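All remarks here apply to the structure that follows.
Which chain is which? They are A, B and C, in the order written, and residues in each are numbered from 1.
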Amino acid sequence: MLKECWENVQKRTPLVHNITNYVTVNDVANVLLACGGSPIMSDEPEDVEDITSICGGLNINIGTLNKRTIGAMFLAGKRANELGHPVLLDPVGTGASKLRTETADHLVREVRFSVIRGNISEIKTIANGSGTTRGVDADVADAVTEETLPRAVTFAKELAKRLDTVIAITGAIDIVADAKTAYVIRNGRPEMGRITGTGCQLSGLATAYVTANPEQPLEAVATAVTLMGVAGEIGFERMQEGDGNSTYRNRIIDAIYNMDGDTLEARAKIEKV
Amino acid sequence: MLKECWENVQKRTPLVHNITNYVTVNDVANVLLACGGSPIMSDEPEDVEDITSICGGLNINIGTLNKRTIGAMFLAGKRANELGHPVLLDPVGTGASKLRTETADHLVREVRFSVIRGNISEIKTIANGSGTTRGVDADVADAVTEETLPRAVTFAKELAKRLDTVIAITGAIDIVADAKTAYVIRNGRPEMGRITGTGCQLSGLATAYVTANPEQPLEAVATAVTLMGVAGEIGFERMQEGDGNSTYRNRIIDAIYNMDGDTLEARAKIEKV
Amino acid sequence: MLKECWENVQKRTPLVHNITNYVTVNDVANVLLACGGSPIMSDEPEDVEDITSICGGLNINIGTLNKRTIGAMFLAGKRANELGHPVLLDPVGTGASKLRTETADHLVREVRFSVIRGNISEIKTIANGSGTTRGVDADVADAVTEETLPRAVTFAKELAKRLDTVIAITGAIDIVADAKTAYVIRNGRPEMGRITGTGCQLSGLATAYVTANPEQPLEAVATAVTLMGVAGEIGFERMQEGDGNSTYRNRIIDAIYNMDGDTLEARAKIEKV
């Protein structure tokens, strides 16, 4: 599955339209190029319907939303739905402000998402409109641990069923679920949390993967999550004395660039539950 | 003092709300993570009051201001004042355009800033509405040198007293002053000026430091300025043949990531005047 | 010619106003600093006329255009024209959407450009309002190859004559032409296409070069294109095992930072046609 999904991205060069935040947008673009995809960014309401029409998938990230770009998210999302393109939502910071919470809620109600990816707090806010978010990081009380994993998997499956989507909850342990099946992934490094935008990068990756693997969205997202984690491990192994989070960022993207399907399979710590 | 301020950032993980320019925003986020803080970016008027409320400090940088984000700066600044959060102003390019000069002036009049950090031209414009700015770099005629240092220190203290804030003037020689005391810092490398955004990064750092050290804002800012300079030196020592400003950028952020309080104390070239 | 143009940039430190996309803006700023220029970014209509007035040249890039920044492009472009500053247009994605195509067309009609730089699809769209663009990359059917080169050179010269500008078509083989003369440049590496924004960076570079070499805009742009290609080669030679597109990005900017006129001359693969 991992190798097949990886190869489809190489073969199909998915063109991904991103409406994303200006903090991490450059890394998202380089990650999409690194993985074998191709990025285009556009967030002007008068532009996004045309742009999304020439793409294969759409990545919506509300990290630095504003009134203008929110309008663009709805227009692009609906057009992508009409065209049958996969659409991913990264509800950055939902729960942290009224505008973010409401925007994410309205998007989920008005646009059909193939994937929703966030940390546990963000996904809980998507589920119930409550939950607590400390900035853009998951609330520690809500962290997915080995102990809370079974409950989190059930929660992810139920939410996936209710919203008819793939739910990806990422953190120390990652969960990717549809209504019936979940994958639990234990790749990655805690130091990835000291780099801005690894979550945003993963959302870009996951959009490329579902775009190139339309027949198996669950597996596509699980592969993207595994790829990001494996790249985080390989990047970390290449760290030298004195290197820190800025160099680590480069090394992770480099590792995605140099990945091959066999390495991905060999290093994956993924189980179906 | 340096070690204590550094340790407080490690212990308290200050969450900093940034309304900053889109040129250097990624580096600001990574510097905040590198130093032990946590960044969140939001510049939509309807979003910023909620976001700043969950943070501990606010960093306002007018580098790529627009009509929408200017509104957000005032709203966030006033809310942060109500909540007693420290607020920093980085008046990028004030003096270079009417809009920048007026925006910085109005901000200083309507928002209570804990810190104002800029190059000498920008700070002079803050002080007297005149001064010359060549783009975003300090006018050479205005540079702080060993010869002009005593005058610049007096100027900084007087401005700090008038505006009831900490003034940080950064350049070849850095000055951090409140009404009574000034620190002069001689760390750093001239090559840092060939990287975009080292000033913006320092403003992010300084906001994290005042947020984690509310009882000693002057010392907090002086520590952040010293930290940036020491990181610039360590990063430069790690440069290899063929490396240039892009790699140097990464190495400086890496050096902040790997800093410890003892190294900071040992390498500091700081004096109280 | 190459060395002379390079030296003029070192001597004159051209200050370049950029209205550019938020995806690659940080790299554009660092490239401008690397090459010996100085960047300032501003895209607010009320700000851009003042800012462009204190600069020497203007770089307009429509990569993430919106209604506000489009207004800024026209205001800044016209003011720069009044002041006799060189203005460059990078029509990113023209042909990919109605808004981009119309904006680029109107800009070309209302602003006098010293340089228009794009891939072959974008330049064809500038020429005839048709052409196909797959996202922001040149349509493969339109690629400039050794076989199609003579036709492409004629096309570039004719368009340069009609629009009274320098046309730069970049890709595997680069063409820089005015009405009478064209340079064909064969430096660079195909892997540069796996980095986001090498085109945007080149547009920044080219603006710095025409600003510092106002008496020879054709040669200035040809030098900038050659410089980017040579830097791409040097950066690639410095790649180590495990490095990928993110590190390659840094190494190219570093190579521009460390370039000298003799190296540029020695490595140039440029011919006049």
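By definition in this document, a residue touches a chain if its C-beta (ideal position, glycine included) is under 8 Å from a C-beta of that chain, and two chains touch if they have at least 3 such contacts.
What you see is a predicted model, and the numbers here were worked out from it, not measured in a lab.
Under the touch definition stated at the top, subunit A and subunit B share these contacting partners: C.
Superposition angle, subunit A onto subunit C, using Cα atoms only: 120 degrees, a multiple of 5 between 0 and 180. At the interface between subunit B and subunit C, under half of the residue numbers appear on both sides, which makes the contact a different-residue one.
The distance from the centre of subunit B to the centre of subunit C, each centre being the mean of the chain's C-alpha atoms, comes to 33 Å. Looking at subunit A, residues 22, 26-27, 249-250 sit in touch with two or more other chains. Residue ranges on subunit B touching subunit A, taken from their complex, read 15, 22, 25-27, 29-30, 33-34, 38-44, 46-47, 50-51, 54-55, 68, 234, 238, 249-258.
Those residues of subunit C that touch subunit A in the shared complex are 21-24, 26-27, 63-67, 93, 96-100, 133-137, 194-197, 242-247, 249-250.
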